[in-house]
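The following pair of complexes shares a single chain, chain A, combined with chain B in the former and chain C in the latter.
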Partner chain A sequence: MAGFLLRRLVNYAVLIAVAASLAYMLAATALDPRSNYEGRNPRPPAAVIDAQLAMYNLDDRTPLFERYLTWAGGVVRGDLGRTWNGDLVADRLGRRLGVTLRLIVLGVVLGSVAGVLVGACAGVRQYGWFDRLSTVAAFVVLAIPTVVLANMLIICAIWVNDHLGAQIFLVSGEATPGLEGGAGEGLLDRVKHLALPTLSLAAGQIAVYSRYQRNMMLDVLEADFIRTAMAKGLRRRTALLKHALRTALIPAVTYFAFTFGSLLVGATITESVFGWHGMGEELVASIRTNDVNSVAAISCFAALAVLLASLASDVLHAVLDPRVRVG
Partner chain B sequence: MMTLPEEEFAEVQAEAEHVRVPSRARTVAGRFFRTRQGRLGFALLASLFLLAFLGPLASPWAVTDMDFSAFMQPPSAGHWFGTLQTGTDVYAVTLRGAQKSLLVGLLVAVLSTGVAAVAGSFAGYFLGWTDRTIMWVADLLLVLPAFLILAIMSPLFTSGRWLLFVVMLALFLWMVTSKIVRGMTRSIKEREYIKAARFMGVPSWIIIFRHVIPNLASLLIVDATLNVSAAILTETSLSYFGFGIQPPDVSLGGLIADGSKTALYAPWTFWFAAGGLIITVLSVNLVGDSLRDAFDPGAGGRA
Partner chain C sequence: MSGPVLEACETEAGATGPVLDVRDLEVSFGGVRAVRGLGYHVQAGEVLGIVGESGAGKSAASLAVMGLLPRHAKVSGSVLLHGRQLLGAPEKELAAFRGRTISMVFQDPLSAMTPVYRVGDQIAEAVRVHQRVDRRRAVERAVELLDLVGIPNPSQRARAFPHEFSGGMRQRAMIAMAIANDPDVIICDEPTTALDVTIQAQVLEVLKKAQRETGAAIVLITHDLGVVAGFADRVLVMYAGREAESGSVRDVYRHSRMPYTIGLLGSVPRLDMGRRLPLTPIEGAPPRPSRLPPGCPFEPRCPMAVPACSLSEPPAVEVGPGHRAACLRAREIGQAGVTMPGILAKPEARAVPPAGPVESGAGTAGPGAVAERETGTDGPGAVVERETGTAVPGGPVPAEAVAGPGAAARSPESPRESRAVVLEVSDLVKHHPLMKGAVFRRRVGTVRAVDGIGFDLREGETLGLVGESGCGKTTALMEILELGRPERGRVAVFGRDTATLSPRERLAVRRHLQVVFQDPLASLDPRMTVHDIVAEPLLAHGHRDMGARVRRLLALVGLDAADAARYPQDFSGGQRQRVAIARALALEPRLLVLDEPVSALDVSIQAGVLNLLEDLRRRLGLSYLFVAHDLAVVRHIADRVAVMYLGRIAEIGQVEQVYASPAHPYTQALLSAVPIPDPDKERARRRILLEGDLPSPANPPSGCRFRTRCPKFAALTGALRARCAEEEPEIRPMGGDHGAACHYAEKLGVV
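The block that comes next holds the complex of A and B.
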């Protein structure tokens, strides 16, 4: 098991390094920080612009590979560089990382747990009312892009608030600034802010996992070992939970690694629509402002996050499926 | 292939009764249209195509027209879907956006499935270093979300270069399918007809294009269909932030982004584009799902 994970880890480290380098080169080629200075009024002299760009390692007249080496050398020492107007990238992202984590963790937990449960219940009673309902619901949800879903939720929330005459859902930001009252009130305020972004992030996940888990459940329920488990006297509930669900979870766990990338994209969209100041919002803003170093740093984080998810799914896979540990 | 026994049975029966043997395409089409899901999806998709490409002819307004007597007006007899802040007709602009979204979806799906078929079958046929290299590239591309890379590259897509956007989007959608194709190629490679071709001295690349890929056609057709919706969804998210299809071209994502700002007091600016998009993706998914069932009746109702 340790050898298996170690091999994976080395492979992942190489992939992250290559992916991050690729992202840096792309960003440095496609984005144009020089235009930020040239667009200023009054326009600074060319020599000043060159000096500023050179100071932040953004000068497009230095060869790409040289800039890349400077950047990579900094990253290895833990220095992510500076933004186009001189802030430390690491400082800015550090503040935003927590926001994104709070959003994603809840989305992942709610999405995968609810999705697996819905799928398992639907699979156990195939063609029952719950199965049909969840199938139709999943089809509809999968057809709604996150941007549209998030906006629809906002519209609905405002409608509900207006009709009830109370602020049930809050649709902008992470917390109300300058809120009076105790810890309980603050927590309630955060929950009100969190409800809709989490829902828009988790809805797609629930739909995907429920379809997947249902199919796996159906395959497993026909298997001999379930019949054997019931024949030796296990109750139906025990047989389903201990034998069927555990086996059927294995592909869902593998799938987790694949959906994590789409979750990050979903978080970007959700953050921007709901006005959360997280990494995703920063990505959109930094691309718009031609901020090469911030974009490269966020790409690194994204690659790291996807591979951590893959590693987590490898570990879970090994826990659930003894053949992996032995083989 | 799970379908073989059933088709053999149909053939034997047909021969016994001296009627024409139903072709595979006919069998699949028959199964496809027998399901309610398949009929519904096909009808929705066909009418969307007709509306998007023939609908603009029915309206007097063009995309570039601005009606200076109607700003931000709700739907009426003159403007079927209402107007925008600039006096632009929502009907005309929504259909133009739908055209572009459908076109992008189709092109990306065909391209990415083509790449997946070639990459996956070469990896699975040659194995060894070819396999390791191709699968490593696939893993690498899976690590970085397509959204992120395409957003970074977005400054390159300006001034009407949307075809470059299509190519880049396709380059980020082939990986998962190519892994499935690789696995299936490995098992097809051991079949007798492949061995026979190899022993007769047919070059490997001809074997791949003439024998391996056609045998994966059912998987590839289904995958291409489902990639259409994946492409449309990704394009929408990118265009929402202005990273996808850029002016002067219009796409549904951009319209939804503009509409969402005014949706509360002018719902027509948001809901026609959003609704059109949802129905498009829904019908593509329905068609893809029914196609999968039609090709593989053994898994009926599972997918």
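The block that comes next holds the complex of A and C.
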């Protein structure tokens, strides 16, 4: 197993290098940081602009490949370079990553657990009222774009707040700036901020997982081993929980690792609607500001996240399913 | 657990009443009645066999008894376990019975075990559901049970997952699970159907042992009449969801009163009977549960039907002590002392001979049609003349006939040596590399699928290639069909070495070498009509105007011309296989390769296809290479037989010689493991049980491959043994063309 993982890791390292290099080349060719300086009022002298760009390895007069080598050399040493106006890319990304993690962990965990449960219940009583209801709900959620769903949640939350006359839900940002009070107060404030974006993320996740899990469940429900478990004397509920769900969970768990990895950079819309300054929002912002090094760094990070997630899903699969464990 | 309930039951068990009493059991799925008023009972320590063809409702009935049918199934009637009503009982009560008082062994042991839990844990779970023991004690008990059912190294194997077990071991583990709580009734649903015959013998032995240990009543559901003959005390024959006949095994087998039972027994190829006794297939196919005939469900297929039969369904009535049959004419059959052949003669009397469809088909197409075919295959007129009563001129040999010998040498009647060799295989080898690793794939071993086999097949002859799964028989067949250069050795088809063929010559050889596969549904394109399927080989070889030809081919295999417009899914299994045979015959081949052509079919259907094949061989002068795992089928159809073990031929020779006096210990064990559907004979036989499973073909034992399981090797001493371990035996002649690959081969009758 260890050897297998090691080989996988080597493979992934190559893939990450290729993905990151291509992303850098694309960003460096398509984005134009010079225009940021030239657009300033008053416009700085050309020599100053050149000097600034050269300092941050953003000068479009240097050949692309040379810039790439400089950038790649830095990345290998752990230096992600600077933004177009001189901030350290690594620092900013670190902050942003913290925000994103605080945002998505709860949403993804909640969404997957609830989704699996909903799907399992729906599968067990196929064509029952719960199955029909959850199917319709899942397709409605899947059909509504995240941006619409998030804004609808905000409208509802404000309506609830107005009717109750209390600020139950806070709709923007991660925490109220300059909040007075102790740690408990601060935590409550954060929870109030977190509720809506978590709900918005979880809704989508539940919709996907419930459909997925329902089908997996239907596959194993008819399986002979459920019959065997019941022939042993297990009650139907126990047989379904211990034998059917355990077996049907394998794909969902591996899928979980994958979603988590891709959401690290992929929760852009949720982040911008609720005013959380996370990774996804940063990616869009840095493209808009012609920030070559940030775009390259985020792409590199995204590749890393997805591949680590797929590694994690491989490991989880092997842990959960003895049939794929090979010597 | 609901202790008081169970204790109450156990005290009742002391009484002499039946342990399990089923009455008027009805099961329907969405209005389709799968089981219609079935009743049976078993006493403690008794074995009841329930036999019937697929769709007879055997499995539905047993699942209904266990309360394990899907929720949409409607069940009514009465199931009394120790006098307690199980039907309609609350789930809690049922669960307390299941696995403790009544347990079940399922057919397919791979899918019947949860793939993600260790075998030992799954057995321990069965213990812990009903007994208040801690986890460690339960695991210990699981190991004891595995030991009881004969799993070597039980404490180590208990930690294995189901996929790491072989089929036989899984079924043993299932039995261990079923007897974990010392049940009073064990229902076995086709417990050995998925297993090879030597493994089947082992598992049946384990079941007998389990019964001795637990004293349980066993309900054995199977389609194999031989297994029931040797194992059951009483037997119940099911047809179309209800009892056709029941009674003691001896009564039902020897004094059958229901024409269906008689037909079933007549259609089974027998290991102990010579080939020239034709099988008597039952006409038609079992009715669909959704469209039952108005009267007796067997009436449309029954050679003894009288008009009254189609009026109402006869109930099963007592025809002797403990012997019941559901037939209006049951008493008549008994009184008149109508023996089996007497009834079997009936179909002929109704002008539908055993291979009826073929003959009548040829008739509808006109005798000329057959004659034309015959000239195509340049068959001798005499053969056809005798069969169809039509004079056939000796036609010219077609230009594309490959190495066609003179017609004089083609008669199947002439001695073997004087007939032409159509297929010659010598020292054929096919090894598959065993690869490992996803990124850096490397070879870690070799699967010796076929490891040096040789045989020849002559004009008009059938060679049966038999062996258990994994012995390499299908690989050998595919290598021959490839018509390429084998890895080692030589394949010559119609005298042409396949290694030297040019693509054009290969195509020409292929016309004369056709194949029929095992699963007719999978080997026929579901989106093509029968006409297109049968015409495709003709089209591929540049024929035009195929309508008449396709009609002739369909008639030849006993199908109607109207069937040409239908799709494969509209046919029953036997009819589909007839379509596949028609396709294989389209190019007028001389050699037909048949890969398990009847193993997916029910016995009554299988008999029809076997008779058709036999008839075609005689009429068209075909040669067959017949691959099968069923030794009785091979005895019936083949002239010569080659027994394969782990990629080598263990024994080869004339069927009569090999079956009457097998010389290789493996052949002996194999033949002794095949159950014979005759209770007296079957019970008098002594089984040679083989130890363990087939070794991996990637790592066969040194010297003789069979020695690890060989009973003879086990009895040898020192120096004699060393020879088996060191020297790989070659095939030694045992008289005539009979040969066995054993250093110490001795003839021994086992059938």
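We adopt the following convention: the second predicted complex is superposed on the first by the 315 of 327 C-alpha atoms of A that agree within 3 Å, B and C clash if a C-alpha of one lies under 4 Å from a C-alpha of the other, contacts with A are read in each partner's own complex, and residues count from 1 in each chain.
Assume a contact is a pair of C-beta atoms (placed from the backbone, for glycine too) under 8 Å apart; a residue touches a chain by one contact, two chains touch by 3 or more.
Every value quoted in this text rests on a predicted model; they were computed, and no experiment measured them.
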Output check: A:R7 vs chain B and chain C. Expected answer is one of first, second, both, neither. What do you get? second
Is A:S272 in contact with chain B, with chain C, with both, or with neither (first, second, both, neither)? first
Considering only touches as defined above, state whether A:A223 meets chain B (first), chain C (second), both or neither. second
Partner chain in contact with A:R323 - chain B first, chain C second, else both or neither: second
Between chain B and chain C, more extensive residue contact with chain A: B
Kindly classify A:R43 by the partners it touches after superposition: chain B alone (first), chain C alone (second), both, or neither? neither
Touching A:H243 in the superposition: chain B (first), chain C (second), both, neither? second
Chain B versus chain C as contact partner of A:R132, first or second or both or neither: neither
Under the stated touch criterion, which partner chain does A:L234 make contact with: chain B (first), chain C (second), both, or neither? second
So in the superposed three-chain picture, is A:S299 touching just chain B, just chain C, both, or none of them (first/second/both/neither)? first
Which stretch or stretches of chain C touch chain A in the complex? 63, 66, 68, 70, 91-92, 95-100, 103-104, 106, 108, 111-117, 125-126, 129-130, 161, 163, 174, 177-178, 180-181, 437-440
State the interface residues of chain A toward chain B in the complex, per the touch definition above. 15-16, 18-19, 22-23, 26-27, 30-32, 139-140, 142-148, 151-152, 155, 158, 215, 218, 258, 261-262, 264-265, 268-269, 272-273, 283-284, 287-288, 295, 298-299, 302-303, 306-307
List the residues on chain A that touch chain C in their complex, please. 4, 7, 11, 222-225, 227-236, 243, 246-247, 250, 320-323
Please give the residue numbers of chain B that touch chain A in the complex, ascending. 139-140, 142-145, 147-149, 151-156, 176, 229, 233, 236-237, 240-243, 253, 256-257, 260, 263-264, 270, 274, 277-279, 281-282, 285-286, 302-303
